[in-house]
Structure formats: C-alpha cells, structure tokens
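Should a chain be cited, it is by its letter among A, B and C, assigned in written order, with residues numbered from 1 in that chain.
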C-alpha cells in the first residue's frame, strides 16, 4: 500500500530525508518512531502529496507520486499537526464541505456516522472556534475518515488527547486496520503506540535506522534511540 | 586565495572587462566629440544617447528575466534563478539611470523635472514592480520556493508593465518618438543626422557589452554567494 | 469537468458560509470604505464640479484598499500561514482552489461595492442608473481579485505577509485601476461607451490573461 525507496527531500540546503526506505502492507498498523526533527512529518507530508520528493520512488495506494497524486489523494486520509478545519464553520459544515471536495456518496449519513464515532454528535452545530484541542483532534480524525480512505497517515495523533480519548482513538485505528486500511502513525512516544501497532520503523536524522517487530516493541529499544526519544519528550 | 581555489575568474570575462571599458570610452568620445550639437536643444540633447541605450539594456534584461522564469518553472535549475536575479537587479539599475537621465533632460526640454507622461509613469511603475520583486524574494527563506515565486512574479510583471503603458497612453504623450513616427504633441523631438545615428548605434552596442559584462559579474557573485551559503550549512552540521 | 466546477463552487460556498457566520471581514471592509469616503470628503475640500470629476478615482482607490483587506483575510483562514493544506489534501485540481478563492473574494468585494455605492452617489452627486458603470465594477473587481488572489497566495508564504501583499499587488493592478477609473468616469459623466471602450478593452485583456496565468501557475505557488 505504501512503498518508498531511496527517498530524499531537500529543503533549501538542508536534507530533511536521505535514502529512506519504507514498505507498509495492506491492513498493517505501523508506527514511525523518532525524535523531533528526524523527518517523520516530512515523510508523512510527502506521502500525503503535500510536499514533493526531491529524489526517490514513492507509491501510495498504487499511485506513483507526484505524477498520480490526485488519484492517491482520493484514497488517503491525513491527520496532521493542524486540525485543518475552518473555525467559523460548525462541525457539520466542515464535514459537509470536505464531503463535497471528496465527492463522498450519501454524505449526510456518513457524516452522522462519523460524528457518532468521534463523539461529537451533541455539538455538531457549534462553530469549531469554541472546540478544545482534543475535540478538534477528534473532528480532524472524522475529516480524515470521511471518504473511507485505504491509507491513513497520522502525525502525532495522541498529542492533545486525554487518556480515555486516546484509547478510543486506538480502538478506531484498530477497527480501520481490521477493515483493510493501512495505517501509518508518526510518534515520538513508544509507550503510547507500542501496544497499538504491529511493528515500528525508527527514523533518525532523516534516515530509516531500524525496524522493530512486534515482539521487540517492549522496552528494549537500542540504547541511543531510547535516549534520543526521551530527550525529545521534554 | 579564494578566487583561485573556489572559482577562478574566466579569461573571457577579463577580456570582456577590457572590451566594455574601451567601448564605453569610445561611446563617451563619440557622444561628446563626434556627434554634432543639436540645433534647438543644445548640449543637453547628448544625454539622449545614454538615455536610450540604458533604456534598451533595462528592457532587454527584464524581458530575459521573464523568459528565464518560464524556463525555470518547467525545468527548475539553480543557475537559471541566479541569472534571473542578476537580470532584474541590472534592469533596476539601468531603469533608474534611464529615469534620472530623462528627468535631467526634461528640465530644459519640458521645463519641468517630472511630468505625468505615459512613458515616464510606466518606467517608474516598472521600477516599483521590480523593487517589489526584491522584497518578495527577501521574505522567503526556502531557496526553491523563493526561485519559483520570483519566476512567477517576473512573468506577471512582464505582462502588467506593457498593460500599464497602454492604459495610460490614451492620454496625449509629450515624450518624443525619435525612431519611427512621432506624436504631433511630442515636445523635444528632433531629426537625427547621420553622425547622430552612428553615435546612437555605437552607444547601444557599448551599453549592451557593458550590460553583459556586469551581468556576468553579478551571476558569478550570485553563484559564489550560493556556494558560501552551502558551505556554511555544511559547517553548521545540517 | 463537472467535478472541477463543483469543487470551485464548494470552495467558494465554504468561504461565503464562514464569512456569513462571523461577518467580520465584510463588516470591516464596509466600515473602512465609509471612513475613507469621509476622509476624502473632508481632506479634499473641493467644489461640486471637481468632486464629480474625481469621484471615479476616489471610488476605485477605496475599493482597492478594501479589497486588499479581504484578500489578506481569506488566505489567513486557510491553515497556519495560509498553507491551504486542508484543500491541497483533497483530490481536486489546484487551479480549482484558485478559482474558488478568486470567486469568493470577488463576491466579498462586490458586496462592499453594492453597499457603499449609494453613499458615493449621495456624496459625489452621481447617478447609479448606469449599466455601463455596473459592468466596469464587475470587470474591474474581477481583474483585481484574479491577480490579487494569486499574489496573496504567494505573500501568505512569506515573512511579513500582510505588509508584503499591497507592495506586490498595487504596481501590478495599476492598469486595472487606471482603466476602471477612466471607464467609470466616462459613464458617470455621461460620455457614453465610445469614451470607455479603450479602457474596457484593457480590462477584458487583463481579465483574461491574469486568470489564465493563475490557472497555469497556482500549482507552483502551493506546492512544497
């Protein structure tokens, strides 16, 4: 579903990614771990078609990027650092707008279903301006799921959530993966995503450093990664 | 030391330096000693040769910058961007010379430094447009984005500037048209004698060579500045 | 093709709906225009005849300043630093985003014009029953918004973007302003179509070229 080989991204004189390789199969739940500035967000933005690769081969949902980006975008859900919602519109209006952009069939029913899923049914008519960070994050998830994407990309999705909502998010993501979606989560918090994912890819200094299978997702990270991750917490 | 290790100065460029110095000296000589004094205007008319020549250089390099912009959008290359910036800086300098020399000439010819004449206004707007281009570039950190936006702005500018001219031209013009047919209301026009034509042609040639030399120097400077930036980023670790 | 237009319309409608909720921007633009009308009226202490002659110039400079306020604002609502990320993620052509935004900006500008024109009519003693004047308003505003949206998208990604936009925009829209002032002036002073024709030509040419360039170049502005 996601296949990246020898990907490099240059911002000006700075190499954000160099020679990154990554493969995620259909229905897999994978975490991308790394300290801040390791290039996780850049990689997700390239996969989402928001940034152009400088070199290398990128394929998402069977579409080559950046050539077939429009095709890839139709099958792709993305939750980034910003909620990407419109403050002056209500939750309903926001989802309705994105449903139009994605040409979602039977949009009204789908919107009901998603607002139920993220627990925002009661406040669907209020402007998003008054929402808390956690509620925005949940609505952003609903926006990302609106068009039933086959690939889900999430950038630190747990960061603004309390424990209970974070667990609920995990449940949603597991259900998505069971239904056949491919889920890639960028995080610096192994404790949070360790129990959720099937394997983790480590990213450091813009390179893929190692892959940790499920069995190794306990606490036994290589010492220097552990240290780097801990530093980025603070 | 730096010039030998980093990027030696090309021999052709040194030759061009000498050539443009000779041409400029030749042009100055012709303007002051070969070209006859114009009957009505007197000596002030001699400014005309520099005025037209610098206007020509500024137009040529600004159009070149727009062409480079189009090429850049389809084939992004750093050298195109460096050349485009050099063109626009040079164009600004020569446009400034054009307006200033025009104002000095206008004082005796039209009895005023400044007039709201289509050509004068358009040329001033042109300077403002390209100053905005410089500000735009200054505001963007990412070099690729800076180059892309610069390319687009240069293309837009190459279209609005002539449109500005046409939009104001509906007013009657004071500006003389020496080459081609003149407007009946133009003031300060004159018929060129043969030595005047030769002087003008030689000035155009001299300014072109001079402009090309400056352009090359500016491109080299841009190229070196880029290398310095790259080395600095390397030295800083990322 | 149908999905292209529905995307353009969806983006425009979204902007209108958002503005309808807060009415912040249009209100600010309206108040600004009224203020400028008064400032011009008091600072240019002139007789009725002159006032009528300069009416078109005052009209268009005011609309241009108000329009700039709107342009800055509609891009600021699109994510941090006007990144447009939410729209860029959707499977729509980038140029559809450009046209959607341009149409929304045009709508806001026309609303401001419609609400303030009666004031001009009263203060500058001019008649509004001129189809030609309405045509000029529509054409001139379209030209202004088509290039303004393009430049605002660029300025949004630069430092000091609110300051940068007018500097980028005003020298670029000068032909639009000059031609609009001329054409409006011709209609307001009852000179008829003949006097306005050459200016209208310039507006039509500008109003075709600039959107075409926006259509071609918007991808390059929003991509990273």
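Here is the rule we go by: contacts are C-beta pairs under 8 Å (C-beta built on N, C-alpha and C of every residue); 3 or more make two chains touch, one makes a residue touch a chain.
No experiment lies behind these values; they were computed from the predicted model shown.
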{"item": "Intersection of the contact lists for subunit B and subunit C", "value": "A"}
{"item": "Of A-C and A-B, pair with higher C-beta contact tally", "value": "A-C"}
{"item": "Identity of the most central chain, Cα criterion", "value": "C"}
{"item": "Greatest separation from subunit B - chain, by CA centre", "value": "A"}
{"item": "Computed distance of Cα centres, subunit C from subunit B, in Å", "value": "32"}
{"item": "Interchain centroid distance [CA atoms averaged], subunit A/subunit B, Å", "value": "51"}
{"item": "Euclidean distance of C-alpha centroids - subunit A vs subunit C, Å", "value": "38"}
{"item": "Contacts with 2+ other chains: residues of subunit A", "value": "none"}
{"item": "Multi-partner residues of subunit B (each touching 2 or more other chains)", "value": "141"}
{"item": "Where subunit C touches two or more other chains at once, by residue number", "value": "224"}
{"item": "Touching residues (chain side subunit C, partner subunit A) in the complex", "value": "3, 6-7, 10-11, 13-14, 17-19, 21-22, 77, 79-80, 83, 85-93, 223-224"}
{"item": "Residue numbers on subunit C that touch subunit B, as the complex places them", "value": "147, 150-151, 154-155, 157-161, 164, 167-168, 171-175, 178-179, 182, 198-199, 202, 205-206, 209-210, 213, 217, 220-221, 224"}
{"item": "Residue ranges of subunit B in contact with subunit A within the complex", "value": "141-144, 229-230, 233-234, 238"}
{"item": "Residue numbers on subunit B that touch subunit C, as the complex places them", "value": "73, 125, 128-129, 132, 135-136, 138-141, 145, 148-149, 151-153, 155-157, 159-160, 163-164, 166-168, 170"}
{"item": "For the subunit A and subunit B complex, residues of the former touching the latter", "value": "11-15"}
